[in-house]
Amino acid sequence: MSLDLAAHLIDIIGAFLLITMIVILEAGDLYRAIYTMAVQSVFIALAGAVLGAATHNTDLWVIAGLTLVVKVFVLPWLLLRVIHRMRIHHKIEPLIPVTATLAIAAAIVMLAFYLSSSLVSLKQVITGNALPIGIALMLIGILVMMSRRTALMQMVGLFASENGIFFTAMAISQGMPLIIEIGVTLDVILGALVMGVIILRVKSSIGSDIADLDQLKG
Amino acid sequence: MSSLLWILPLVPIVVGLAMLGVKDRRLLNLLDVASTSTIGVLVWVVARAVMQAGSLRAVKTFYADAVTVVFLGLIALLSVTTAIYTIGWMRREVASGGMAERRLPKYFALTQAFIATMLITVLADNLGLLWITMEATTITSALLVGFRRDSDGLEAAWKYIIVTTIGISFGLFGTVLVYAAAAHAGASEGAMNFTTIAAMASQLDPNIVRIGFIFILIGYGTKAGLAPMHMWLPDAHSQAPTPVSALLSGALIKCALFGIIRFHTIAIGACGPGFSGHLLLLFGIISVVAATPFILTQQNFKRLLGYHSVEHVGIIALGLGIGGPLGTYAALLHVINHGVTKALVFFVAGDAIDRYKTHTMDKIRGFIRAAPYAGTFLMLGAFSLAGTPPFSIFVSELLVLKAGLAGRYYVVIAIFLLMVIAIFAGLIHHAGKMAFGEPDPAVPRGGEPASGVLAMSMLVVVMIGLGLMIPPVLDTIFTRAVEVTLGH
Amino acid sequence: MDPTLTRWIWPLVQTALLVLLGPLVTGLIQKMKARLQCRRGAGILQPYRDLLKLLRKGTVQSDTSGSFFRVVPVLVLGATCAAATLVPVFFAPGTAGYASLLPLGDALLLAGWFALARFLTAIAALDAGGAFGGMGASREMTVATLVEPALILVIFSVAIVAGTTDLRVIAGHPVGMRGSFGAADLLALFAMLILLLAETGRIPVDNPDTHLELTMLHEGMLLEHSGPGLGCLVLAHHIKQIVLIAFVQALFFPWKAATATSHALIMGLGAFLLGTLALSVFLAIVESSYAKLRFFNLPQFLSISLLSSFLAVALRLL
C-alpha cells in the first residue's frame, strides 16, 4: 500500500471518527453512546491496520488487534455490565443544552484544523489529517465529560478522548513503540475497572449516581 | 550498582504481594517499615553512586541523575516516616472501627504498590513509561483515597480519578507530540527517551515542542495541582486516610512536577528558557493567588492543607519559571522542604482529627494541652508552612524571592509576597486557635502513640535542619540537579 | 439533431422521467418496508392507482378558505416540477458543454423551489382554519429552519471544489477529477443523508404512514385537501423525494453521460437507476429500524446534520 493511498484512507477514517464523535456528543441514551464508541474504536483499529500495511510496521498490526479486542469488546462489555448491575435509568441529562455543545464542538474542530495547519513541520511526520482529527477528538471527548452528569457517560467520553490520542500516535510515521501502546491500553483497562468499582460501590452504599454527588465544596 | 535501579521499585512490589497473605496488623506494620527502610538505604546508596558517576542507567529504561536523586530522597524519607506513623495510626483506627481488620492487607499492599509506582515514575527515562506509571499512581491512590467507602470519600476518589485522568491524557498527547518532534529530527531508537531528546533538544522544531509543552503543562499540571486544574486536590487530600494524604501531598504531586521538570529541560533546549519559563510563572502565580482566599476562609483542617499544597506547588512552579540557577535551585529545594513539612502537618492533623472527632478547625481547641507533642509540632509546622525562619520553607521562599528580584519580575514577586503574607496571617491564626486555650473536657488527653511522635520528630529534625543550613552533600546534589535541569 | 432542439429536449426528457418515476420510488420503498416488517404489502404500482383514484374524486373545502386554497396544489406541483428540471438524471455535459445548456438555474434555486412549495402548502393549511393544519404547518416550518441551512451548506461544500453551484456542471465532473472522495465529502454525505430523511418526511423525522393527526408533520398540512388537489400535492411529494435522491447522486455519486452518445446515455441511466435503488433501500431500512423522534428531540437530531455540513465546509476551507 503506498503512503499516498494510506494518507487518503486515513483522511476518510478521520471523517468517520468525527462523525461517530458527533453522534456520541448528541447521544441521549447510554446504550447509543457506548455502541457508537465501540464503532469508533473499530475505525481506530482499521486505521492501525492501514498504517501497518503502509509502513510495514508489524507493531501497528498488534496495536490494531489490541484496540479491537480491548476497546471494541472488553471496555463496552465492562460498561454494559456496570449498567446492568446498577439498573439505572439510561437516559442522559446534559448540563448544557446539546445544541450548545454541538456548537462548541464545531469551534473545537475548526480550532484543531487551524492549529495543525500552522504546524507545517509536523504534517510531514504525521500522516494525513490525523493530527487535527486527533486533537479535535481529544478535546470533544473532554467536552463530553464536562457536559454530562452521568458517570458512565463521563467514562465513554474519556475512552473516546483516548481514541483521538491513539489515532494521532499511530499516524506518526515512525510509529509509537509497542510497549508504550500496550502500557497505555493496560492503564486504560485498569482505570476503567477502578472507575467501575467506584461507581458500583457508590450505587450500593448510597444509591445515587456518583456524578451527582457534590457534597465537597469550598 | 546500576542494577539497584530496578531492584529499588521491586522491593515494595514484592513486599506488597507478600502482605496480601498476612493478616496480623503488627506484622504488616513491620513489613511496611522494613520495606520503606530498605528503600531508604537503597536510595542512599544510589545517591552516592550518582554523585560519583554523574548518572546511572539500568535495563535501558531506568535512569537516575541528580534530579532523580532529589525526588527519590523525598519519596524514601516520606515513605519511611509514613510507615512509622502508620503503626500508631492504624492501631487507633482499628480500635475505633474506622478500618476493618480484614481489609488491612489490601490497604498495606496498595500503599506499597503506590510507593512502587512513584519510584518508577522518577526513575523512568522513557517518557511513555513515565506516563504509564503516572497513570498507575492515579489508579492506586484513587483506590486508597476511596478506601473508607463513605460517600464523601468515594466522591473525592471519583473526582480525583476522572479529573486527573483527563489531565493526564493531555499529558499523553503532549508526550506524543514531543516524540513526533524527536522522530522528525532524526532520533531513531531513543526517540522516547528523555536523555536522547534532551541531548538533541536544539535540533527539535520549536513550534512542535511549544505546543507539546503546553499540553504537558496542562496535563501533568493537573496531577500536580496547579490552578486552574486543582479542583480535585482539596477533596482527594482531605478525604483520604491520613498517611495516604501525607504521601499524596508530600510525594505524589512532586512526582508530577518531576515530569514537568523533565519536559521543561527539553523545552529549554528547543525553544530557549523564555517560553516554558513564562508559562510556568503564569500557572505558578495563578495557583498561589487562587489558593489564598480558600485558605483564609477554610473551615476543614485537611482541606486547608490541601489548598496549601496548591499554593506551594505554585511556588515551585514560580521558582522554575523564574529560572536561572537560583530560581531552579529554590524550586528543587522547595520540593523537599514542602514535602517534609506538609507530611508533618498532615500527621498532626490526623492526630487532631482522631482526638477531637471532627474535621472542623473551630471545634479544635487547646491542642497543646491535650497532646503536648502533637500540639507543639502543630505550631512548628504551621510556622514552617507560613514561611517563618528558622524553618526550611523560609529558606526556599527567600531564594525564590531573591531569584525573582534578580530577574526583575517585580510584579510577580509583589503579588507573591502579598499572598504569602496573607497566608501567614491566616495560617497562624488558625493554628493558634487550635493549639492554645483549654480543650474540651470530653477530649482524651495524652496517649500519643510513640511511633507517631517518632515519625513527626524525624520530619521536624529535617525541617529545622534544612532551615538552619544546607549540608554540602545536599548542596552538591542540588547544584548538579540544577545543571541537569537547565541543560548544561 | 438541431442544437437548439437538444437544449430543450434534455431537460424535458429528464424532468418527465423524474415525474413518472416518482410514485414508483415511493411504491418501491413501501414494498421494501412491508417485506422488512414481514407483511405482503401493497403492490409497487399502488401510488399510481391512488393518484388516479384521487383525480376522479370531488373536492370538498373548508368554509374559511377561498379560491387561493384551490390554486395552491397546482402551484406546489408546478414548483416541484420546476425543481425537477434542475437536477441532471443521466446527462450532464460538465463545463465543456455548459454553453449548450438551458439556463434553468442552480442548486440554490432548487432549495428555493422546495422552500416555495413548502411555504405554499403551509399557507394553505393555515388558510383552511383547522387546528391540525396549523400544528402541522408550524412543525414543518420548524424542521425547515434546521434543514435548509444544512442543505445550503452541503451545496456550498461541494460547490467550493467544483467552482459552480449548477448541478449539471457539478455532476459532469466525475468524483475522481474533482479530487478524490475525502473527509469533507464524507461529512457532507452524512449530513445529506440525514437531510434526505428530513426533507422526504420519513422516520425518524416524520412518519408518512401515520393516521394520528398529532404525530403528523407533512401529512397534517395535507389534511384539508381532497380530490385532484390532494392528488397534486401527493404527486408533488413523490417528485420531491425522487428529485432529492437524484440530487444526492448528482453531488456525491455522479456517473452521468458527458456526451450524448447512446452508450454513455444508457450507462448514465443505469447508474441513476442503481443509485435510486440503493437510496430507496437505505430509506426503507432506516424507516424500519428506528422509531419516530419526539418533536422536541428533533432539533437535537437535525443539528447533527447542521454540524456535519458546517464541518464539511470548514474542512474544505482550512
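Which chain is which? They are A, B and C, in the order written, and residues in each are numbered from 1.
Here is the rule we use: a contact is a pair of C-beta atoms (placed from the backbone, for glycine too) under 8 Å apart; a residue touches a chain by one contact, two chains touch by 3 or more.
Fair warning: this is a prediction, and the values are worked out from it, not measured in the lab.
Which chain is the middle one, judged by CA centres?
A
Out of every possible chain pairing, name the one holding the most C-beta contact pairs.
So the pair of chains linked by the most contacts is A-B.
Roughly how far is chain A from chain B, centre to centre by C-alpha average, rounded to an integer in Å?
Spacing between the chain centres: roughly 31 Å.
Can you work out the whole-Å distance between the CA centroids of chain B and chain C?
65
On a C-alpha centroid basis, what's the spacing between chain A and chain C, in Å?
Using C-alpha averages as centres, the distance is 36 Å.
Which chain A residues reach two or more other chains?
Residues: none.
Could you pull out which chain C residues touch chain A in their complex?
Residues 180-187, 190, 297, 299-301, 303-304, 306-308, 310-311, 314-315, 318.
Per the contact definition, I'd like the list of chain A residues that touch chain C in the complex.
8, 11-12, 14-16, 18-19, 22-23, 26, 28, 98-99, 102-103, 105-106, 109-110, 113-114, 117, 129
Which residues of chain B touch chain A in the complex?
Residues 126, 128-129, 131-132, 135-136, 138-139, 142-143, 146, 149-152, 154-159, 161-162, 165-166, 169-170, 172-173, 176-177, 179-181, 183-184, 188, 191-192, 205, 207-208, 211, 234-235, 238-239, 294, 297-300, 303.
For chain A, which residues are in contact with chain B within the complex?
Interface residues on chain A, with respect to chain B: 115, 118-119, 121-122, 124-126, 134-135, 138, 142, 145, 151, 154, 158, 161-162, 165, 168-169, 172-174, 176-177, 179-180, 183-184, 186-187, 190-191, 194-195, 197-199, 201-202, 205-206, 210-211, 213-216, 218.
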